[in-house]
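The two complexes that follow have subunit A in common; it is paired with subunit B in the first and with subunit C in the second.
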Partner chain A sequence: MNMLVTIDSEVKAYIKKIMGQLHKWLVSGKISKLIVAITSKDTGEVVERWQFDVQVLSGTVSAAESGSSESAKEPDHSKPQEEIQKEVQAIIRQITASVTFLPVLEGRCTFNVLVYADGDVQAPVEWVDSDAKTIKNAEQVQLRSFSTDKHKIDTLVAYSLGDA
Partner chain B sequence: MSTFSTPSRPVRRTLFFNSPNVPKQPRLDSAGTSSTLSFPSFPSMTTTPRKHATKSIGKPNSPLRNDVALSDWALTSSALGSVNSTPGKITKKEKALRASAKVDRFIPNRQTSNTSISKLEASESSNTSTASSDTATDSTQSVCESLQYRTSVAEACGIALNTRILEFQPAAPQSSKPVDLRSQYNRPLRPAANAQARRKVPTGPERVLDAPGLIDDYYLNLLDWSCGNQVAVALEQTVYIWSASTGSVSSLMDSTNGTYVSSVRWSGDGAYLSVGLSDGDVQIWDVEDQTKLRSMSGHSARVGVLSWDKHMLSSGCRDGSIWNHDVRVAQHKVSEFNNHAAEVCGLEWRADGAQLASGGNDNVVNIWDARSSTPKFTKTNHKAAVKALAWCPWQTNLLASGGGSQDKHIHFWNSTTGARVNSIDTGSQVTSLRWSSLYKEIVSSHGFPNNYLSIWSYPTLTKNVDIQAHDSRVLHTALSPDGQTLATCASDENLKFWKIFESMGRKVASAGSTLASGKDMAKTMMIR
Partner chain C sequence: MENLEIKNRNLEISFAKVEEELDRTQSELFAKQQTIIENEETIMKLKNELAARGRKRSGAADGNDNNEEPDMEFTTDLFKRELNEQFSNVRSLESQIDAKNRYIERLEKDKRIVDIVEQEKEALETKLKLMSDLQRHNTEMELQIIDLQQEKNKWLTFLEKDDRFSSPQDVVRELMNIRIEKTTLLSKIGQLEESLSSTTSQELEVSQDLQKLKDQVTDYHERLDKESQQRIRYQRQADIISKEAQMLRDQLKAYEAESVALENKSADIEKDNKITELETLVERYKQELKGLNDELVRKEGLVVQLNSPLRNKKRAAPDSEGSDSKLAEQLSSTVRKNRSLQNDLDKSEQKVAQLSHEINALQKQIASASESQQAKHRILELRDNPTSRHEAVKVSTLKALQKENDDLHAQLSNSGNQANLVPKSALDRIRDESKQLERTIQEQNKRMDRIKEVFAKKSLEFREAVYSLLGYRVDLLPNRKIRATSMFTTSDTDSFTFIPDPKAKNKFIGIENSPWAAEFENLITFWIKERQDIPCFLSALNLELYDRTTKAARF
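Take a look at the complex of A and B:
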């Protein structure tokens, strides 16, 4: 099973911009969900929806309130890094393997990135309010989770089975 | 709060939802929930300029649902002021009273419920409140109240409170190249010969000579190119020698009246030319001296094909017999191969002289062992006369044979096992086959309909190029001694030269290794 990495510099720059903002939000615990919606270019329908639920673990919230930079340095009861990496690897492996059950994407597609943010979040100009981009009659598959000291991430993929 | 200080246009339109008096609104930091979103207040219909309202509602990128959520959220602050336009027209005092009267926050009283519903309905068009200075107690009470109907409204609408769904607006970059996933998932096991891998072959002739009077007969072999770089071509009764090095032409011989030359073939050293005649005579000529060395008669019919193996000359006759002549001895006929029922038109010794391949008008390919007079293999796969025969220069036991107009196939044989290893349907009569000594390729010449020269890669059998060579069927071909140039002559009476296996500076030396000096050869091979 191959994992493909984009080499398109435009896509890289695009994702980098998103990730920069996500980083700020994640550190301050402002977002609860990250959605990657794969949309058909022809029909505009959402055909696949990857949802990553972000749970900010209790200890972090207070830390984030007092100051996000300090919260990063709390050595107490920390999870070993190898374990975290293992969990992340497991998810990536699972996502890669999901091509076996996900329907084949017909035609040309694009993707959108959504976040479920707190109401009082500060959003840069590029981020605008949107609908949830849900899929009607979607099949949902819960994938693995992973957690760090600060966050717990649940993964869920939703896809439409089409006519079948 | 930063967005508030530097509001850009799209955000402002979305977030501030027709509130022209926003800047005048005091901040209510004490409430703890205030934010950029909590500011929008809903001025009454009378105070709101109509223009603003229509503009924000009609905007495509703020869906109705969001507006509901927004206005819901905005109620926090709108409720801080007096709710002048609510249906009940509650005054500030009454409102304060009502708020204090509430005890159970889970069961909102009827008035509150009414308010929330009416708020929801009204939120689209207009609402009330102007900036007013409330007391601190008043504001906390109204926050409590607004929380209640906010939750109830949110429950009714199925909207999670305190969250916004944000989308990264810029569209994802388009892929510049067309994406074809089939190439990813459906990879061929063997990469096809694509345009880049294919060798570039010049499709124009290097030189064209006239060949008037060339007999249009498939079963004859009237063209050969010696290792001394001389081209022999038989035009009816006369054999001409054209020197590729100097461009000079000389007439070697004329046959006697009533006969014509039916085949020519150079000996291996390029010094002698064997000539087959229509009366069954086989003559050997010294080209340097332009003298006939000997005449070997005996065949009862025309000799359509000849092949040399050192001092042995094999001749194929119209009666189907193949005679082997030892040109050194008086009793020249040393053996006879008889297995063809019709005219022999293809005859080719293997380079090492161990095997002889013959093809005939009886559609049979015979592979003979030099020591035996019975064929080692007899192949009947072709459905037409087999004239085109060629032994592979890099794989000794590989023989290619091409069939005539009813057959149109090239078959490849393993002459050790007799197995057919490959086949090509060319779609046209195969008149001759030549292996390239420089490339792993074979060129075939064809008749009707296109009179192509086709170059095939071996063993992939992919067609490299088709060259429309002549106006009528290509009858004979011959390769130059350096292996780069192919001579073709056709019934349109043209003799053409094609540099189809141009060496690009490699392998020339090895190709000319049979000659005295490869370097010299490359120089002399320039066709003038």
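Take a look at the complex of A and C:
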């Protein structure tokens, strides 16, 4: 199974911009979902929707908020790096393997990244509110999840079955 | 805005055209004027000639030949005709000039309008910029408003019960008042406690004093009792003594009477002595009695003196009876402690009430927050994302097409004779399309470049691999020929060029003649000409060349 990495400068810039802001939100625990929506260029309909549920585990946020007072109490059940990487690898493998069951994307498509943030989040000017871009009559498949000391990520893909 | 711009551009183009035309007409005018001047000159010349001829004719006799006269008339007619023509020409030119002038005036007016429109456009652009600034500002403000709203909600949960306070200001003001009151009360309490402690200590002192005085009083009482007993004793003694004196006097009287009766001289002296003795004794007793009485009187006076102030003091502190000074001290300290503990208790209770209120408010807040959690999730996306970019392109294309369509419709309904022309919007749209096509061409070129890059890299890699594995550098030549250079040759020219088989693809039939090839004639005949096996020839050649190198000589 091949995994391709983009070298398009525009896409790279876009992702870089998103990642910078995501990092800030993740650190402050303001984020609950990350969506990659694939939209048909012709009809404008969402045809595939990758959803990553982010759970910022409690304790880390409070530690971050209350400053150094809590930081001394590091979690004891710290996960080794290799294990986390193994879990991430498993997810990526599953995502690439999902080509086998996902319907073939017809026509030219484009994509968009959505962020479910808390209501009180401070959004920069470049970020605007959006609709959820959900798929009607969607088929959903739950994929693997992985967790670190601070986060738990669940993966879910939704896709439309076309006319069926 | 777009309309204005298009209009503006149109006007500018027409204006340029008009200016050009103006220049042209002016030059034409100039030329025409020149020709007029020339014509006038010729007219003058002709007139002069005519006059000269007239003079000549008048100068000549009447009998001059008649041949000339019709000729002259003919020429004057000709002149007149030409003159008329010229006049009409001049007039038409003048009228043309007038028309042009009017046209220029109109254009100048148009130009002024264009200027105004441009100024308006600039003003609108600045306004637009201002508007976008305002919009950004607006979004920031909205965020701020959300924050403030949340803060307000927090306040509201606190304020719900109390109708007294309608706003946080009231609460804060009340809080301030209460704080001030509290500080004043605290200071008052401090003062009171101080005074209380001082009074208790004073009280202690006083009770101690009282105790002392009581002790004194009991002491005095005892003394008084003693004194009174002594007095009674003295009294009795005095009574006894007086009785004794009486008895002695009686005895003396009796004795005198006896002595008178007896009349004994010797006994008289003795008797006198005895009497004086007894008299002195009596005298001494009397003195003693008197002293005792004096003393008694003095004592009584003292007792009275002692009793009077004591009674006063008793009235001043009537209730502190029987308590030890130590006990009183302990009691006061316990009382003080008790009071402070009471105060502490009050404070704690107040705190508890406050905290429970706060807890209620917080619980409410949590409930509302969790309620709104689901609803208040904000879904955000980057403004400049691929989907919206694509949508924007779609929308703009649609707009352009609609405009074009409208224009075409308008044209179609307006006039049938201009059917060959296309509205400007169509041109714009086509330009946009061509731009887009250029962009796709660019993309394709980029892709091609990338593929070429990869191909070059890979082919180089392949050649290197062939070189290191098989020992030949392979170069593709035109005409499908292939040149192979062994890694063991000393110079680049020492290479073989293989001739391809014209019938079959990817087959070679021989080697081009060269001095280098001639050197290995035997190998070529053995392998290629006889066996037609080029790979074996190349291997044999490599072995041959290897034997010649210095590397082989070393082993």
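The criterion applied here is as follows: the second predicted complex is superposed on the first by the 154 of 164 C-alpha atoms of A that agree within 3 Å, B and C clash if a C-alpha of one lies under 4 Å from a C-alpha of the other, contacts with A are read in each partner's own complex, and residues count from 1 in each chain.
One rule holds in what follows: a contact is a pair of C-beta atoms (placed from the backbone, for glycine too) under 8 Å apart; a residue touches a chain by one contact, two chains touch by 3 or more.
Just so it is clear, the model here is predicted, and its values are computed rather than measured.
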Original post:
When the two structures are laid over each other on subunit A, do subunit B and subunit C clash or fit?
Top reply: clash
**OP:** Determine, under the contact definition given at the top, whether A:D131 touches first (subunit B), second (subunit C), both, or neither.
**Re:** both
Original post:
Is A:Q140 touching the first partner subunit B, the second partner subunit C, both, or neither of them?
Top reply: neither
**OP:** Scan A:Q89 for contacts with subunit B and subunit C and give back first, second, both or neither.
**Re:** neither
Original post:
What is the contact status of A:G44 with respect to subunit B (first) and subunit C (second): first, second, both, or neither?
Top reply: second
Original post:
What stretch of subunit B clashes with subunit C when the complexes are fitted on chain A: 60-68, 114-122 or 168-176?
Top reply: 168-176
**OP:** Across the two complexes, find the residues of subunit A that touch subunit B and also touch subunit C.
**Re:** 11, 14, 17-18, 32, 110-123, 125-132
Original post:
Considering the complex alone, what residue numbers of subunit C touch subunit A?
Top reply: 136, 139-140, 143, 146-147, 150, 372-373, 376-391, 394
Subject >> Touching residues on subunit B, where the partner in the complex is subunit A >> reply: 1-3, 8, 10-11, 14, 33, 35-37, 61-63, 65-66, 70, 73, 160-176, 179, 181
Original post:
Residues of subunit A touching subunit C in their complex?
Top reply: 11, 14, 17-18, 32, 37, 39, 41, 44, 110-123, 125-132
Original post:
Quick one: in the complex, what on subunit A touches subunit B?
Top reply: 8, 10-11, 13-14, 17-18, 21, 32, 104-105, 108, 110-123, 125-133
